[in-house]
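Before I ask anything, let me first share the structure, which is written out below as structure tokens.
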Amino acid sequence: MSSVHPSTRIHRVPAAAPDDLSGLERLVATGALDPSGILAILGKTEGNGCVNDFTRGFATRALADFLRARIGNERAADVVLVMSGGTEGALSPHWLVFERVEHGEGDAFPDGSLAIGTSVTRDVLPEEIGRAAQMDVVRSGVVDAMAAAGITSVDDVHFVQVKCPLLTSARIVAAAARGRSCAVSDTLKSMGLSRGASALGIALALGELDAAAIFESAVGRDMNLFSRRASTSAGIELMGHEILVLGMSRGWRGPLAVGHAVMRDAIDAAAVQACLQGLGVPDGAGFEALLAKAEASRTGLVRGARHTMNDDSDISATRHARAFVGGMLAGLTGTTELFVSGGAEHQGPDGGGPVAVIVRRNAS
Amino acid sequence: MSSVHPSTRIHRVPAAAPDDLSGLERLVATGALDPSGILAILGKTEGNGCVNDFTRGFATRALADFLRARIGNERAADVVLVMSGGTEGALSPHWLVFERVEHGEGDAFPDGSLAIGTSVTRDVLPEEIGRAAQMDVVRSGVVDAMAAAGITSVDDVHFVQVKCPLLTSARIVAAAARGRSCAVSDTLKSMGLSRGASALGIALALGELDAAAIFESAVGRDMNLFSRRASTSAGIELMGHEILVLGMSRGWRGPLAVGHAVMRDAIDAAAVQACLQGLGVPDGAGFEALLAKAEASRTGLVRGARHTMNDDSDISATRHARAFVGGMLAGLTGTTELFVSGGAEHQGPDGGGPVAVIVRRNAS
Amino acid sequence: MSSVHPSTRIHRVPAAAPDDLSGLERLVATGALDPSGILAILGKTEGNGCVNDFTRGFATRALADFLRARIGNERAADVVLVMSGGTEGALSPHWLVFERVEHGEGDAFPDGSLAIGTSVTRDVLPEEIGRAAQMDVVRSGVVDAMAAAGITSVDDVHFVQVKCPLLTSARIVAAAARGRSCAVSDTLKSMGLSRGASALGIALALGELDAAAIFESAVGRDMNLFSRRASTSAGIELMGHEILVLGMSRGWRGPLAVGHAVMRDAIDAAAVQACLQGLGVPDGAGFEALLAKAEASRTGLVRGARHTMNDDSDISATRHARAFVGGMLAGLTGTTELFVSGGAEHQGPDGGGPVAVIVRRNAS
Amino acid sequence: MSSVHPSTRIHRVPAAAPDDLSGLERLVATGALDPSGILAILGKTEGNGCVNDFTRGFATRALADFLRARIGNERAADVVLVMSGGTEGALSPHWLVFERVEHGEGDAFPDGSLAIGTSVTRDVLPEEIGRAAQMDVVRSGVVDAMAAAGITSVDDVHFVQVKCPLLTSARIVAAAARGRSCAVSDTLKSMGLSRGASALGIALALGELDAAAIFESAVGRDMNLFSRRASTSAGIELMGHEILVLGMSRGWRGPLAVGHAVMRDAIDAAAVQACLQGLGVPDGAGFEALLAKAEASRTGLVRGARHTMNDDSDISATRHARAFVGGMLAGLTGTTELFVSGGAEHQGPDGGGPVAVIVRRNAS
């Protein structure tokens, strides 16, 4: 009997524009999606994914309006909204909706089912971004999100998605007016520091790294320090952090399962293929969703061959990396609706990145 | 006895900049490359691959200086130089040198060996670009290049690489001054028409299409007309066409072989994998080189999911497509030194493109 | 006695982001702006001003929410919202609010005062964009807006601002599904055709051109046909046209006046300086607002010297032109809050563009 | 009698491409230019002006070939070649050739005539870029160039143009391999540090700043420290510095004169207009050449209004600034052939920049 256990429903919905929620509306209309169960919505939006990407804010405004109208202001505020800008190459704009069904759907599986939980942290100050203070805020937030999912062992966590803030010229000036100096004056660069500090906060929460081993000065510098399950994404539209934990739990029910892999470089198809096989979907049948990080290696090399991403002043390296790794992953999964997010600082090894795959299993 | 038969040597050489020929110089110094046998040099250079990409001209100037100093002006002029701009994503700038060794190297293989041949066409006028005149010029040039390679059957041709001209504002104005109207006024768009007309010229030469079936108005419009073995690339630095034919011939010797595939869309890894397997290199051992075309589908879709390449006013669709398809192909081959060229108009089906793979076989 | 005559108030308000209306809210709070009198809001937003510029839609959504909350849905729908993307160079994002004060403010001036009027046209079909149908829709809309302003002579009109639609891949596909072919398949190019057809519609309404003289095929081609007072701007967020007419009328009161000039090329500072002097503000005192069009000349030349805007595949020509002409105009006016809009097809001569200047006069 | 005194000839020559020297060739053919007198060639080339701008190297290669063929390798190596990438907006690609005529041309003027001198410094190491070592190298080089021009008082110097190196990924890696850390890992940012350190070196040489007042840590940070006559430009194609000094000297003859101004911000037309008037060319008659620096203010403001240049991840701020300030200056001078160079770190106040104007006076 599964009725006292929660289960997860996941909805992958195409978006025709940053404010196009017609797909979500159709799901609600047909009863396939119950808005009151939505814990998180992840979106790939079609901006540049960098500092002046307003498609994230535009999408967030549309989603917030959608949620408020359906579940009220208070509960809408609890939904984690992580918009990742940048659908370079043939990546396709879409929403990933994570819904918690309270009175369980589906069967029990021996190794449990996909469990999800969320949390929202306090706002940080501009001068905290990219520094120890931010790491600690995120570490604590991940612990909260695990608790919300009912996941007790860090080994059962397969992916942690964090939306974190960035610096703008205005925020730097505001900090300076209070006599505070920010970690960096380059606003594009601030996105990397924020993603990096957030990833290290995740590594601390998951026990992948020891707090004593991480000095603040390591953020954005010592790329040997990294989490294998972190995915962080910076946006202009918030100053706090929104956190989503994906794991496996025997307290949850239903056919969905999650696994993860770590790409060691931008062309590490083997690692992802092994993960797909481990989950029993080598041929893509049962495939539900993929979340991955992509980045340009700082060495300027991929398996010894030079890349030009870091020296390109026309297109930022994050855009190049999303397109390229997106192509590699689409070749493996047979779909372009992939949540590939740029900037993998301290998320997997330099030039590589973590990947999570969600699949639908057949009932036992 | 193989000494009366030619064979092909192929050299894949990294380039640190558009004018970096230090790798070629080292090969000459060690005797691995005999400049007098060079038939063609293909280069991936790190510009934008579009109208104002001067890395192609820069590389061409450096290569021409290199060749003239070693084999004299006259013979240097016969070497086909095809520079394809754009190493988006982690694609790596490099040279592919095709050398014909006159007094045969290596064994005879039952199905023959890689055979290469080149030709150079007359300059066309700006107003001929993208029109029937250009198609016919290219068709005739392909026949010449096949003859040079000693390939008699069109079925033995696996790939035809053509470098073709483009329109600039100045060229359009010059034509107008003579009372002639060019096929298009958008210079970026002219690259597509030139590539398209060249590809249709190849299709005519290879008997893939019938001259009676191709109206001039089909260029850039009727994407059901295409060659399965054409790869064309436009550059500002020439007004004629430089043509390289790759095929198999029992008149040639040595371990190299070429095969081809046609990707039906931007994520058609299966087609390429089948080609690799057919050539006996499923795991990348023996892999020598890959040449491919990439493009954004005009439908705006990849397997039903929307892509944003055609609506992006910041990054041209050709750049997106090279990065994305480049990632997919690098995942399959394990290297980023791939000759992925953008703009596959009439080269494979809409959104897909032809691929050639060159491998080194073990002696029988 | 001026109380039965309307007058215009204009508010130039900085925007910190596409959805930043805090400046407008402050004006309402202090009573400086009465929302019920707003006829039009023009905005310079910080996107790329091209096809995939979602800052316009984001701003429009925020402004619509703002207006609906204050004056109700029905009246909010009548407010003309013209968002022009692109604040290249040092151009500054801002709102220009045009408010009609019913029971007149300020004195009567012998040559009248700034009069404003608006209209909204029917939606057009994708296949009507850039063609005669669109011209006629706009012509008729300008007549309506003049009537709304109480301007009876076309000679009293100094500027007509039109927001017009553009083609997206989806719209082209939709038309094709109905068996209709659009005027162009390049979505960036469709913006130019829509702006051009709209400008010719304005020229027809103002009697600058004769309907018999304009063939549909002239749109985007015969640049000798142009309006001297048209400014048109394309956006993804509408399929109709929103029209604002600026003129002088003795039926209106108050210190504001408008004049116009036509720049003959991108560096025609003299024409604008003459306009400023004619309005009595050579030194910038009394300056209120400037609206201008900028574009790259099709000849590829400015006073005989080559420009590279049309051959640049990294930055679209409209962006270059806004930055450059914006700098020229900012040098003359001493402010970067200028409504400089790109793409001046049929708006002023090739490479030039119309300019309107609004000033505050001292009472006589 | 003027025959024992040198004079300067300046040639402003359009370029149709980075390697187009046909204009120079025509001048040589007609005798208007004597190659043996060329001290320096400045070029505006049409790349992005940032790290991966190969138009500078392409132009440099073409110019070096041109010079070597005419004046021999040894003397060609002494010619200062300063290529500044970026002709944003309507700025026009062109060459500025500075020729020293040994046995004087033209009359003596009471306040002297334009005097020119050049020098080339030693190569610096990657880790010296942006640091005190680079400042000192440039300081010393400016002293040498003044001596070469026969200018004895720093007050007679009106402009110092320096071409300085930048960091690439490969150079940073090379330094790291030697155990040295570079000043910055962001290659685009390294251009700013190199320009800044070079400008401070100029300020030291001209006595504008005191060595005791400049700490290494001020480079790129304390923007209150600046030269009023420095213009520095970074390029990938050298590791040393090439220096050109422009001044006035009674030892020189001829109609040319130079003056300078300092723009306090990006719209400071008044400062440039005052300079033009001071030189007696308020209306552009007699105008020969203008050299200027442009940059985005770090405050994010121009006269209190926000600009978006520093938050734009699609177009680098240097490109925005060149386009915008270029437009302002073209409006004043009536030509788009202006040597406007981006990145004015420590060259004029934050957001502003030095300007030099060269004019042709009528004989007294």
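We call the chains A, B, C and D, going by the order they appear; numbering starts again at 1 in every chain.
Following the convention adopted for this analysis, a contact is a pair of C-beta atoms (placed from the backbone, for glycine too) under 8 Å apart; a residue touches a chain by one contact, two chains touch by 3 or more.
A quick note: this is a predicted structure, and the numbers were derived from the prediction, not measured.
Visitor: Could you find the chain whose CA centre sits the greatest distance from that of chain C?
Guide: Chain centre farthest from chain C's centre: B.
Visitor: What's the call on chain A versus chain C, same or different interface residues, using the half cut on shared numbers?
Guide: Same: most residue numbers at the chain A-chain C interface appear in both copies.
Visitor: So, what's the distance in Å between the C-alpha centres of chain C and chain A?
Guide: Here chain A and chain C have centroids separated by 41 Å.
Visitor: Just the number, please: Cα centre separation of chain A and chain D in whole Å.
Guide: About 46 Å, centre to centre.
Visitor: Going through chain B residue by residue, note those that touch at least 2 other chains and give them in order.
Guide: Residues 16, 46, 48, 52, 170, 306, 308, 312, 314 of chain B touch two or more partner chains.
Visitor: Give every residue of chain A touching chain D within the complex, in rising order.
Guide: 48, 50-53, 168-170, 173, 185-189, 298-300, 306, 308, 310-314, 316
Visitor: Touching residues of chain C toward chain D in the complex: what are they?
Guide: 14, 16, 46, 48, 87-94, 266-267, 269, 296, 302-303, 305-309, 312, 314-315, 319-321, 323-332, 334-337
Visitor: How about chain A: which of its residues touch chain C in the complex?
Guide: So the residues of chain A in touch with chain C come to 16-19, 46-47, 52, 54-55, 57-58, 61-62, 170, 236, 314.
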